[in-house]
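In what follows, chain A forms one complex with chain B and a second complex with chain C.
What follows is the complex of A and B.
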């Protein structure tokens, strides 16, 4: 039995403390994963090399004579862009999943449920089949994702009746349609392209470059989601209840749909369709942090970022020199962790 | 007209239809400060639809609903919710939340976009939970509450919202006899304290007799408005419910029973 909360330390005070604790902890975890990701790999880099690199960067001085140029190059040219991409993609997917779960009023929704990744995959696979370069693969993936966004939005609004369940059905069926196109493309693809296509479908960060505008977009999304956080809390109690408490429900739903879809589009453009992260991370945090989105949304983004970076570090070191697509690792970790948390929370309830 | 300020809630040429059925046509209603109104009608008579329209949760087919003289559609949702509170019939527990968190949601329309609840918001929530006798359940998850406890929590959330205009859809749902009476008394005290007005749909004629001063009877031909004394007669109620009803005079006041 917990002792009854004393009236002296107020609930919102406790909430803020909890938020600081969790967000600080998760931020630290991200930082540690980043250090780990920079240090591990087939070319060994020492902590001293990293320290030297940080000092040089901070003081804006040219690399000192004592620094190991190979190590510096490996870290800044190879590992850092990939690690930053992993952080951004992880945060985007987890955040999109969390938003999608509220929009669809279904705790089991994930960022891909409305077919964004399917549309992106068709675009990406088409580019791979046409033998186009990485830039075109990313570009056409983004175009595919946006096509799906407009298609599902338009179809679910046809005839003017609109509801989250209609959106869900439209999205799920559209996703199945993309699935059929993907199967078709895989079956006619040439053998030497199939591996690249499959890696894209599983989610792979080996082609990732510095996140650039994706990172900027993530930051903007985080600010928007902070604005949406309290209205989202109201939405959990049902659309009508949210309306009765002064939430403009329809504009909020449209914003949620667009934000979650574009976040997902941005993530799949960088890394292909990395699975499980967008379902598992928000769900685990919901079970352990409760459902106040003022804490949940930033915590989800940080946890997603940290987890994807760790998974990617594993993916490139586990059976090195061969690299695994990171989607394989997220699934391997995500499924048991999710089941474990679910079991644990069930025990807590009874 | 003795009222200088506009009525708290009024309608202008209001027409509401649902599924091809017209609930009211070109209808005028005015709720003034201090008035307690009841809506009576059989199943499917349109009590909920009418209440939702008056609260702006549903668009009217024609005409306007005015809050203190201002058309509802000219108000932002948040401004509306600062003045008008609504008790819904249904609630959702698909996502977890604690009792205290849910009660605090009543402060939402009064808080800025990035604000957190202050100590005084929290005191309001604790106070309301105490009044509905849920203060021991603050940290309990809402899916562990009984139907009646959830109803009391919804009422507490509304008390925390502190509106001027109170619209309640079957507030007595799921409540035991004691809580029906004690919570309606509490709500009426809040309405009085806010110098507000209240409109609630009820199935229990005796609660209507006890708490309301004005009534809306929803007949298939359209709504009938009047004072309690005019409308709570055997003849009218039999017509309304299509069922014989007896009015008995007791020392606790008149009592209605289905014959």
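What follows is the complex of A and C.
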């Protein structure tokens, strides 16, 4: 029998094929979701309009006279920014969820379990209540998320003893504290503000603009998580084994915590607390692909991206012109898919 | 203490007044042995209507945001309309509590009833209900003379507006309650009726929700002739001008982005006529713009 370290070291030919198949398939699914998202909505847009837009963009020419200008503006100004930010937010949440589950070694962990979204929500609701503009709302959400990150990190280190379970407890209790602050704010908010506040809490992509630096950040995180994949595989065997195999566990845990928290912070800053995605997408993929993180991490990010984009497209078209909160749709799609995969699978949830 | 005592003395010295019996908007009959002297209002709009009905001096407490008329601001509060402080209501010993069906929690109103307080519940769905409610408040508070006069004035003004504007060329109106999220109103909302009085057509009248959330695309599709917004304060909301990014909309092309202060149109009170008058003039301006630009095109 081969020693385990070498087995985890190199991709066999078959594994490579399998990875290409899955990542390629998920990538294609994202592309199709993007096209669907660009084509659907209240204003009817034809495939020809989209084609024309792509050609014009690629050749850098000004819109040709034959193109439908309203359709073009709707696609470039409304649907594209929203779709791109759905892709980024979905990928960030799914990736963060996957990392949190490994870090806390708890299948119930999701990106929000350590209170990042709670901190962000308090920041965002505070600026909504003060009547500040969209820029301030997302700015203070980000500050709130970072405050939580430092708070939980500091508290879980208080007496120098650090362990994932201590981190989990600190995070859960801090999250409960934010929850109380949120309830307090909701109970004293004014009517018109209350709607905006509730939509923020339910997760809502209608405020989203082009992802910008969030997209860049996602790419950097994907590269970092690719570098972490092998040590993470070893961590699955338990801390002691990983240490024996030469993994420096503590720095790895810190990196995981920071990466997952900042990914979550970036996601909630753009779209509020979109629920459920970060919990279920990593599980579905772990059940279908196994827990080799070299494949699991990028696949989770892609699947999260597709799912959120599809869900958002449904949320804005299902009972159009009325809009649904996207979190509702992610749950409607995700719950049955997850239960189905769980029934079919005989793998464990670690 | 002294005030309470003197009020009790005054009440005791008054001649015995006739029993009043009035049906509220939920078809419950409220019977008082004598006109109410200590009224608690559980909605900002109810406070306004009480003052309009001449019963302002009999209001002993109000809820948060009861900011009109000026005198209402001085009154003690019994909490927000969604979270009422029942104990404070009891301490004030009201002889009439006026609630609001779509604002107050039904359990709270039921609790007050169980505690033996007469509770009148309002639910204003039609403009025509406002003068009726005024008259009922007048009877409950023994101020019928003022209430009737005010109700009559309301009916006349409303009729005048209808005669003048209702049958003019229809204008497609998009009423924007809020920008993020983008919220409008359907036909069940009182604002929809104000729009109709002015000869406008609410473009989202047929949606199922009373305050539906929509997206920008939906507005582009229905292409309204005028966009009307209120915001939260007395100033024009900044976000109304964000529509200028969408010159494809008729309302933007013809510069028909109108503002009406929320107090003049979002509350079910006498002041809704101020909003109606303002809106009718604004829509008339829109009508004028449409007419001139279409003749311009023909030339």
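General observations
Here is the rule we go by: the second predicted complex is superposed on the first by the 334 of 350 C-alpha atoms of A that agree within 3 Å, B and C clash if a C-alpha of one lies under 4 Å from a C-alpha of the other, contacts with A are read in each partner's own complex, and residues count from 1 in each chain.
Keep this in mind: contacts are C-beta pairs under 8 Å (C-beta built on N, C-alpha and C of every residue); 3 or more make two chains touch, one makes a residue touch a chain.
If you're wondering where the values come from, they're calculated on a predicted model, not measured in any experiment.
Taken together through their common chain A, the two structures put chain B and chain C side by side without a clash. With both structures placed on the common chain, the touch criterion links A:134 to chain C but leaves chain B unconnected.
In the superposed model, A:74 lies in contact with chain C only, and not with chain B. By the touch criterion defined above, A:272 reaches neither chain B nor chain C. Judged by the touch definition given at the top, the superposed model places A:207 against chain C, while chain B stays out of reach. In the superposed model, A:227 makes contact with chain B only, not with chain C. Of the two partner chains placed around the shared chain by superposition, chain B is the only one that A:243 touches, whereas chain C remains out of contact. Judged by the touch definition given at the top, the superposed model places A:320 against chain C, while chain B stays out of reach. Ranked by how many residues of chain A each touches, chain B and chain C are led by B. The superposed arrangement places chain B and chain C with a least CA-CA distance of 41 Å. Overlap of the chain B and chain C interfaces on chain A: none, as no residue is touched by both. Remark: chain B residues 52, 55-57, 76-82, 85-86, 88, 90-92, 94-98, 100-102, 104-106, 108-109, 111, 113-114, 116-119, 121-122, 126, 138-139, 141, 144, 161 touch chain A in the complex. Those residues of chain C that touch chain A in the complex are listed here as 65, 80, 83, 177-178, 180-183, 204, 207-209, 211-218, 220-221, 232, 238, 245-246, 248.
For chain A in complex with chain B, the residues that touch the partner chain are 2, 5, 7, 10-13, 15-16, 105-107, 226-227, 230-231, 233-234, 236-238, 240-241, 243-248, 286, 290-292, 294, 349.
Against chain C, in their complex, chain A makes its touches with residues 41-43, 69-70, 73-74, 77-78, 131, 133-134, 187-188, 190, 192-193, 195-196, 199, 204, 206-207, 316, 320-323.
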